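Several structures are given next for inspection.
Look for chain A in each of the two complexes below; its partner is chain B in the first and chain C in the second.
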Partner chain A sequence: MKTIKGGFLGLLFGMLIFPILFMLMLAFSLTWRYPQLIPESFSLHTFLNIFSSGSNILGGLINSLLIAIVVTLVAVPLAFYISKQVAANSKRKYLILCAYLPFTLSPVIYAACLNYYFVLAGLNGTIFGVILAQLIIVFPYNIILFITHWNTQINSYSDLTATLGGNRIQTYFKVLIPLSKTILLIAFFQSFLISWFEFGLTNFIGIGQVNTLTIRVYQYINEANVQLAALSSLILILPPLFMLWLNKRIMFHQI
Partner chain B sequence: MFVKIQNIKKTFVGQPVLHDVSFQLEQHATLSILGKSGCGKTTLLKIIAGLLHPDEGSVVINDIKVNEIIANKRDIVYIYQEPLLFPHLNVFENIAFGLRLRKLDNNIIDRLVIEMINELGLKGHEKKIPTQLSGGQKQRVSFGRAIIVKPKLLLLDEPFGNLDVETRTSMQLLFKQISEIFGITSLIVTHDLKEAILMGDKFGFMEDGFLKIYSNKTDFIQDNNTGVQKEIEFWKNL
Partner chain C sequence: MPLFAGLGYALLNSFGLAGIISNGFTLSYWHIFFTSGEFEKSFLYSFILTLVILLLSVIISLIICISYNSNVNTGKSAYLFYIPLAIPFMVAGFLTYQLFNPTGFFSRVAYSLHLTSSHSNFPDITNDALSIGIVITHVFIATAFLTILFAGIFKNEKIEELAILATSIGANRREINRRVVIPIILKKTFPSITLYGIFILSSYEIPLLLGRQTPQFISVAIANKFQKFNLQDIPLAYCMAVVYTFIIIFILFYLSKRNKLYHEND
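Entry: the complex of A and B
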């Protein structure tokens, strides 16, 4: 039984670690010819290239970080507040239905529908346009995530705080946000990851002028530039891995 | 009269919940309202607290009509059946909560909270978080948190409903004692006959949104609708 469990864990570990190890070797290899199992020689050349002036990877990394951070910081607090109003609204069924709309249509088709307005507003090919387009997906996602959070008990806490003399801001900062810490953390992580890995919508609205790391990876793969594709993929998975680690630490700390 | 509730009416989706509810209550007194679940007790309390708007009628506290005053400015605290202690705060901070909202000086807060903790018999539990407390202790903290802000009116919505019989009795007595010490004016709604009699100075009975107020305890006991007579008969025939 122990052997089966160990074997299964080993397999799982291998499945998770092997692609990362493989990309690491690919990114730092100088020559790797068939049928060699590992590269014949390694070099930091590709890695150091990131920091050279005009590096596409560094630019993509900065754009990705900027877009993901702004999208997360706008979408989560806004959805947290709006979802409370939606939950208390008599027409909440229809409002929730609206929140599902971008997902029923698929984000890219939704972007295609909105493209006309983006062109009209001169937002195509701009970082602001991409942020706005991603918000159209991430904001309703958070509304859906938060809507069930506003149950009778949390509303009772809110009412109780009011009767104890708390104004709306005090109610949010002293009660609702601390009580919603777990779901807020999940929302922040998920929103960051959705934005971080977003490709279709960013490509559509960015029209090749807003280069994020995800777009770079696809470009390098298309160009058959395996070293840069591997390196940018590695950089692409670093923030999610860090957040996964951070999330686990915070969650365990809470328990 | 300190509290005047005049002709309160409330309807939810075409269904009348409160019909012309009126009563008066003097300062430092407790009105017990007995009623079954769904008779409109909670709606009445929420209207008085400012958490719901009445369709008609007025709420007057100390000769001031408070209908248009928002809940956090009314100085009326609502205590739920659940103690609803803030899970992220310890006992001390839960009790200090209302004082911190009022941005009082830390030294004053410390003094008042320590006094309240002693009155509630919670000395030694200050640093505990709510999950480390028993049901009775949680409800004590909940009372302390409400009373420490010296509300003009305290509303209690079946506050002992979740406690076992023994704890419930001790909590009822403690509440009476604390009410007297702090000169609290309160309105308690309950479906528990014994609790209504034990807690109140004045008595009311609510059924299907209609409220009847009794001039004294004897009238309340003798009214067949309240169920006191049936209860007496039950114990006599046992």
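Entry: the complex of A and C
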């Protein structure tokens, strides 16, 4: 029984690691014709092409990084502040319900409904438009994330600071932010990941002109360029893997 | 607020009061919407697939969590369960296609094991009638998510101790799982499972890459209508978007009413 259980666990771990290994094989294969089980030849050609001038992958990587960093840096602090006000509001139940809506709706349907306003403001097809559109999803997500953080204990610390003569800025920077370090880090990671993974909304608002990594992957898939699609996918997976590892370490330390 | 602004515009467009082809108030788009049955077919198809994916993922995750709890919660192997969560839906769809298409990896394995004589003998799993590709991809990611979620509950709710207590009063392993472990885990994670179900229902990238032509997953069906060259399709797409949005609002409102979305802090 123990051997079967151990074997099944090994199979499970194999299944979890296999996608990364398979993607590596695809990205570095030069020729891989049916029915060969492994590529007939490998090459670094596709990988080296990333660094060539005018590389679409490098451009996509820079855009994805820029969008994800800006979205994270704007959404997290703003949601941290606003969520405290929401938590203290008597109508918080309805406000929280409203916060759930944007990210539970399909981003692509949401983008379609909002597209008119982006066209009107001349924002569609621009990086700023995509950042704004992603903020509309990432900001409410952070409100949900922070809302349970504002419990009686943390509010008491905030009140105590005010009683002892601290102003609002001192309360935030000397008490609330240090007390909320863990949840803030988790919020930064998760906001970055939502933006980093985003495709539907970026494609709709960016009308194909804002070249992010997910858009590149889709274009390479459509062009049947398997090697470049796999390489872009690998680049897309690496930062989330690192962040999830870091996120988990932080959560373990918290526990 | 942006959501309600978007919903407002969508409603105006669906009644012919806004948009490029607006000619004043009309119910004709809504008439087409109700008579074509396109939305119902897409929604029902997406809903059934979502239920199948959730059911399979919950069962597999429960089995993993109950059998390998210590491996999921602690040790280096615990990190492995996070790998599927680091894979974007777009990449997951691409991977499934590369693994399961008729000339993909598993077709090659089947050929080398002499199970098939050519790629045409390999069963259609991508863009197939039964949407097996979509189910496999979503189950792979959802199982990882739910396993981590269930393992967290297992630890936080001290289920191990409860199981020992149940053993001491004469319950066997099967009874403990059926009457203690599974009910506690499912009750505690019901809101997260429901929300995850809504995410699957709303998913776009995986059905876009692996789905069939008709009926399409609801997000794909609506997005395709928006992106078609036929301008008459746009108000119809807005009709579909409005109804879909109201369905999601209704589900969230129901969960909120039952206090399943948000718990007051102590």
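What we mean here is this: the second predicted complex is superposed on the first by the 237 of 255 C-alpha atoms of A that agree within 3 Å, B and C clash if a C-alpha of one lies under 4 Å from a C-alpha of the other, contacts with A are read in each partner's own complex, and residues count from 1 in each chain.
In this section, contacts are C-beta pairs under 8 Å (C-beta built on N, C-alpha and C of every residue); 3 or more make two chains touch, one makes a residue touch a chain.
Since the structure is predicted, the reported quantities are computational estimates derived from the model, not experimental observations.
After overlaying the two complexes on the shared chain, residue contacts for A:Ile17 are found with chain C alone; chain B is out of touch. With both structures placed on the common chain, the touch criterion links A:Ile194 to neither chain B nor chain C.
Touch criterion met: A:Tyr116 reaches chain C, while chain B stays clear of it. Number of chain A residues touched is higher for C, counting chain B against chain C.
Look at A:Ile96: by the touch rule set out above, it reaches chain C but stays clear of chain B. Of the two partner chains placed by superposition, A:Ile235 touches none, neither chain B nor chain C. Contacts of A:Leu160 after superposition on the shared chain: chain B is touched, whereas chain C is not. In the superposed pair of complexes, A:Pro178 makes contact with chain B only, with no contact to chain C.
By the touch criterion defined above, A:Tyr34 lies against chain C but remains apart from chain B after alignment on the C-alpha atoms of chain A. When the two complexes are superposed on chain A, none of the residues of chain A touches both chain B and chain C. Chain A meets chain B in the complex at residues 153, 156-157, 159-167, 170, 174-175, 178-179, 181. Interface of chain C with chain A (complex): residues 2-3, 5-7, 9-10, 13, 18, 64, 67-68, 71, 77-91, 94-95, 97-99, 103, 105, 107-109, 111-112, 119, 140, 144, 195, 198-199, 202-205, 209, 218-219, 222-223, 226, 237-238, 241, 244-245, 248-249, 252-253, 256, 261-263, 265-266. The residues of chain B lying in touch with chain A in their complex are 46, 49-51, 70-78, 80, 82, 84, 86-88, 97-98, 100-102, 145-146, 149, 155. Within the complex formed with chain C, the chain A residues making contact are 5, 8-9, 12-13, 15-17, 19-20, 22-23, 26, 34-37, 87, 92-93, 96-98, 100-102, 104-110, 112-117, 136, 147-148, 150-152, 196-197, 199-200, 204, 214, 217-218, 221, 226, 229-230, 233, 236-237, 240-241, 243-245, 248.
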